[in-house]
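Shown below is the structure under consideration.
For clarity, chains are labelled A, B, C and D in written order, and residue numbers in each chain start from 1.
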Amino acid sequence: MAPSASDEPAPMHLPVISKASTISASVLHGPRDLRLERRSIEDPDVGELQIAVKTTGICGSDVSYYKKFANGDLCACMPLSLGHESSGTVVAIGPHVSGFSVGDRVALEVGIPCGQCGICRQGRYNLCKKMRFRSSAKSVPHFQGCLQERINHPANWCHKLPDNISFDAAALLEPLSVAIHAVNRASPTPGSTALVLGAGTVGLLTAAMARQAGCAAVTITDVDQGRVDYAVAKGFATHGYVVPRPLHTSSSSSSISSGSMSGTSTPLDGVMTPASTLSFRSQLDSARMLATEMLSLTNSSTPLLVEDEDDGVDITFECTGKEICMHTALYATRPGGKVIMVGMGTPIQTLPMSVAHLREIDILGIFRYANTYPTGIRLLRAQALGSPSGFTLPSLDDMVTHRFKGLENARGAFELASRTVDDDGNLVLKVVIEA
Amino acid sequence: MAPSASDEPAPMHLPVISKASTISASVLHGPRDLRLERRSIEDPDVGELQIAVKTTGICGSDVSYYKKFANGDLCACMPLSLGHESSGTVVAIGPHVSGFSVGDRVALEVGIPCGQCGICRQGRYNLCKKMRFRSSAKSVPHFQGCLQERINHPANWCHKLPDNISFDAAALLEPLSVAIHAVNRASPTPGSTALVLGAGTVGLLTAAMARQAGCAAVTITDVDQGRVDYAVAKGFATHGYVVPRPLHTSSSSSSISSGSMSGTSTPLDGVMTPASTLSFRSQLDSARMLATEMLSLTNSSTPLLVEDEDDGVDITFECTGKEICMHTALYATRPGGKVIMVGMGTPIQTLPMSVAHLREIDILGIFRYANTYPTGIRLLRAQALGSPSGFTLPSLDDMVTHRFKGLENARGAFELASRTVDDDGNLVLKVVIEA
Amino acid sequence: MAPSASDEPAPMHLPVISKASTISASVLHGPRDLRLERRSIEDPDVGELQIAVKTTGICGSDVSYYKKFANGDLCACMPLSLGHESSGTVVAIGPHVSGFSVGDRVALEVGIPCGQCGICRQGRYNLCKKMRFRSSAKSVPHFQGCLQERINHPANWCHKLPDNISFDAAALLEPLSVAIHAVNRASPTPGSTALVLGAGTVGLLTAAMARQAGCAAVTITDVDQGRVDYAVAKGFATHGYVVPRPLHTSSSSSSISSGSMSGTSTPLDGVMTPASTLSFRSQLDSARMLATEMLSLTNSSTPLLVEDEDDGVDITFECTGKEICMHTALYATRPGGKVIMVGMGTPIQTLPMSVAHLREIDILGIFRYANTYPTGIRLLRAQALGSPSGFTLPSLDDMVTHRFKGLENARGAFELASRTVDDDGNLVLKVVIEA
Amino acid sequence: MAPSASDEPAPMHLPVISKASTISASVLHGPRDLRLERRSIEDPDVGELQIAVKTTGICGSDVSYYKKFANGDLCACMPLSLGHESSGTVVAIGPHVSGFSVGDRVALEVGIPCGQCGICRQGRYNLCKKMRFRSSAKSVPHFQGCLQERINHPANWCHKLPDNISFDAAALLEPLSVAIHAVNRASPTPGSTALVLGAGTVGLLTAAMARQAGCAAVTITDVDQGRVDYAVAKGFATHGYVVPRPLHTSSSSSSISSGSMSGTSTPLDGVMTPASTLSFRSQLDSARMLATEMLSLTNSSTPLLVEDEDDGVDITFECTGKEICMHTALYATRPGGKVIMVGMGTPIQTLPMSVAHLREIDILGIFRYANTYPTGIRLLRAQALGSPSGFTLPSLDDMVTHRFKGLENARGAFELASRTVDDDGNLVLKVVIEA
């Protein structure tokens, strides 16, 4: 399968019966070297749709590529269009495609697995070794991202949208998919308790999905008061806990650039003085105390009735990728509970593994998502029904705090997406670029 | 362990240092032979609490005993106090009990398993062969029900209540437990679709729990328009479907007396002419058409986006115990889905088993509940927190449509509980007796 | 995707650069109207291999088509090659295929799902609505079976064989797949007890897989003494029980023709006098007694140590498709256990559903299989390692009791496959046709 | 419940109608301060049996207490009888016990949970906070171990033995329980592949249970050639890999004293030069290379057929408790697989968590066991049936390599149990003390 949009400059003299046309694309050539270019695009191939991209959300991994031309261990080795949280409209239909019409509104699932290996056939296609994922530097040549005017995409990985789901919300189906997958892996029983560490986009959506899955109490934590307040005010979580920043930390503004693949979170590490000046044991003690405080907060507002409740929450979703947060996660979870590693971050971590081992706390990582888009669409569609007694997700549209129009303004979007507040002091949650 | 309240008449002359006192009890001696009696009650034994019963809900099985002195195959063989949906206040504390104070408000879990057999140790204590369940004729001597002034009950099976849970709601924790157990067995993933057949107490609560567990669309059906309307208006379900009654059926008013153990449901069988005059094949065809109609109702209001959706719902909860409803359930469920048998009813059923077999629809029965009271309490406690964005159960207090004060008025409660509307035409959902 | 071998007669005048060649095929045109024909076969298309079929096992569904030109509700409407338990050798390789060489030995997985619908992506591709399955009349035009000299088959559904797996054993990977899927759905914990009803090919293999999965005691039952003896002697099961035939039954020889899709089993119905002369209640009583006898057999040889053991086995695999066997299955399974419906048979069954409901016995059907071939190959490969302490499946080669050479002798194979003993009184288990 | 045997010296003048008698006990008073003492024992209380202990196996945790009067973080604070792998004979029966006779042979499950807390009721009683476990210093006063002539033990936690299970094998039911629990948590599907790190008692039994559960290939590794050879020769594993020791390591003999609760394993750390002289990155590289070598060993003997197989095993059981082995475990496991932490060891570990996170490798710890004794007894009982085709565990009796008679010889047993070979160069696996 050829990349849907080539890197070659558009040919000068198009033949009369052209099969290609010209589009503009936002292309990253190196750290902060973002260029608006013209690319040629072929007609959609067998099984493909051509999509005019409408909205693309900026993710932490995009910001990382933008700043470093790399994301964690992955270094880009050729020009790369970013953006993988996208929705758009069908503008052309390739051969052998059925079920779509020009004008259909769709959300794009941008990771294309092989569909035939053992793990694909078993339904865990997110783990397919041959996965090609738009805007990631993993496969070479890179599978180009969605910050292009139009792209050709396999119809099988385009999800039709009902009228009540906006393009913004549809773009947010991507981070919502991470949250859905995280909660599916956790499989809480109704009435469970959950803790979410990190109140970035993915943390917020994970908290909301934990509530959707029936968790009776969902506590969200972050060092950023604004995000915690937002989470509770908008119903993403039932309780919020602001992790106190120490006086002399300067990590607050830069920390977010570490970004995870699946949404940025303000890390909690501000709470710690540098590891080198603090013994690891006292680090663990801090984490344990923090866990106790978080639990007592929840329990104080809801008097303790079941004796086991002070042992910890049923499930902790770690959405920051920070080692110190994994410590907190392990101490805050009850025996027999689960810690879900959502936020990608420190690849090598020093952890009190006996806490998990002796208490049989399962540690489950999640990598992207599988089979989540139909679920997400169903949940967003249900919002519109307006049932009298809740049970629907908070508004995703509301999470879009900043909007940039036109690919030519992508640079501003990336710069803003790396901050937690804008120049006016307003919360920055999700920045989107509209085509 | 001796029964908590004996059947013997109270002794005339109590000794000076008495360990027993006298209580009033509502005792059934035969079909509709309900008597208000005086019984003696011992002080609470080791590990027991003495509970002054405040509220007891009337269940379908209670109505069955009241009318027939039997419930399904179980025939009472001695006087039997009914009532197993109860809450009350601790009035005395036996030896070796800790964690309780006089005045504590509690919900009673009235089934006492042995705690030591293989299945108890594996956490499925509801299946314990030695289970003793109050108000049931299964164990002999019968384990007396809660329609008594006070009872002694193992402290381990009394669940403390937070202030925000009323005695009414606490009594309803029993049918809610059935619903919680049903949904735990179904373990829907968030965004699933569900169908609930029967809108009695258990059907309503099961629908609400399906929503709590994250189901995006929950359709409830019943022959009774009032119940269906109630379910949708109050947010128990997202969609309602009233099964049309044929012209010449007379089963409407009496049908409810068939009652299930765990809540009564208006059966759907009114829709069918007598089986003897109708070939079984056409019965099945009717069930299939009914299933299609129910599905299309849901799908019409929510345009079909995922191609598989017209194959059926993910999970069907059958809460009527009727064979015809099992047919509908099997036809209405998608390949790979689940049918949960909740409502007890026809012991021998003729079913299109190949529909389940060839489509791998799991058929899972539920018998009472295990480990559900802490969950139920946590969910009801969460209601009080008043989060802005829903995700809480509908009010259980609101389900108590009729209230009788004093055990001496139990007869009226049983008579009313066997009807679906009262003399004023108001919906009868849950009838409770207050001590 | 075009059928791999067309029904059209071979063209008379082949062009010079032919893309088609001529093969012989065994084709069924009506009940017992089996013809040896010449068909043309194209070169393998994109993604396809051309396989010279070596061994094909005859399944109960094949016998059903052979006798009735129909299998259950499915009626053939055009000429149909039978056979779906096949192995062969790669003789040509289509474009865009990698990982295969001419001469590779392969087992054929003959059901081709769409790979893109929701249920395929979730890993349950056996339930795909667009599934095309060779030798079945379900899809029209029928997807032709393997009793052809050569076929073109998607490389993705050809499984390479190590040297130690014979073509016979490889053909038996198909019924073994049914057994693997059945046991995967049952997911027994090591040390479980199992009962297998029916000792045909699928019953035997299911018993062996139950042992493979760690079941400590596996009892197999059949009306045929020879099969039961074989099962125990060869280690498929640990215990055998021969269901006594009543004196005046004549159903013994014909019963097998009812066949299931996935292997024939001698039904137990011989034990019953006609249902019409026997009340259903007494039928159930018979089933219950039979269940008790089967359990006591196992328990007598292994003195009862765990008190719950007399409550039934953990898992019952029903491999006959007979209603009376489902009765036995339900009564023979412990509370909290599982009944797996393996053998297809009576579409509409009258069952004591309360036995399952009140004891929470899960009823799980299986339809074919998914993700089983790699497992089966791994298990057969392990046989060859010859570890000192067992844990390997019984020999599958040994199950091939009769062998016919040449497609021209297919008729004899079908006739014999419908019997349980041959003319010499020898057991008939698996009949294969060698190309 | 009072401790079953008190620490007080026996009273001098017993009353005529004595309820106590005098026994000998092996009691540890400090590091290597093991004394043979006289203790008094009461008659068995309500619900208790008095057991004459016949065989007790020495576990790694026993050796740790013997040497350091502590086990990991747990320090003994009063005299402590060791031993928790025990079998014996019923010599007296307390009130309210049924189902046992004097002379019954039993295995002792020595951890007594509360039975009433949430986690007990959910079937995970091994995680009960109130658990009292014999020979452990965790509860105070310590719950005395089994190296006593007789002990009183709750009948509910005594498991009757069939004749074919020896006292030796019955003592080994305790480490077998750890293995059963580990495999239950892993829940391999039949045909899975497994890797077991560490070939001590628990490693060997875990490997055997992995085979019992249907794993087709089980590779065991250790630095000790003798143990690896034993494992393969006796059928505990299908493949063995001896981890090469570097030339200049001196950790071989002392390393075992670190012992885990549930069986000792020769750690693999000999392979590494001190961490301080080696960068952590190169440590990880070594672990990755080691993992690759282990996998290629298995795959070379069994030619690679399924393309995913070189991605790692389905399940790795880490039985050494060493950090370096956790590294190997993570690298050796396939995407979507599981690492089970069995061996307790280094409480704080530095791990390449992204390897687990990005590949969704679940990390599951196990702590002791729950609901395993009936399973173990069923599996050992099945050994005696002598089915022709394997599927039974290797002999547990054979694992008892050394035997000491009389509690007065306990010291010799502890000294030997801390070694991997005896003075004659014979393998030391399980050392038992016979009463």
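Keep in mind that, in the parts below, contacts are C-beta pairs under 8 Å (C-beta built on N, C-alpha and C of every residue); 3 or more make two chains touch, one makes a residue touch a chain.
Just so you know, these numbers come straight off a predicted model, no measurement behind them.
Counting the residue numbers used at the interface between subunit B and subunit C, over half appear in both copies, so the two copies meet with largely the same residues.
A count of C-beta contacts for the chain pairs B-D and A-B puts A-B on top. Distance between chain centres (mean CA atoms), subunit A to subunit B: 41 Å. Inter-chain centre distance (subunit B to subunit D, centres taken as mean C-alpha positions): 45 Å. With touch defined as above, residues shared between interfaces to two or more other chains in subunit C number as follows: 118, 122, 124, 306-307, 374.
Taken pairwise by the contact criterion, the protein chains are fully connected, each one touching every other. On the subunit A side of its complex with subunit C, the touching residues are 115-116, 118, 121-125, 156, 370-371, 374.
Those residues of subunit D lying in contact with subunit C across their complex are 99, 159-163, 180, 183-184, 187, 189-191, 193, 209, 211-214, 216-217, 233-236, 238, 301-303, 305-307, 374-379, 381-382, 385, 387-394. Residues of subunit C that touch subunit B in their complex: 117-119, 122, 124, 126-127, 129, 185, 280, 284, 306-308, 311, 326, 335-336, 341, 344, 346-354, 356-367.
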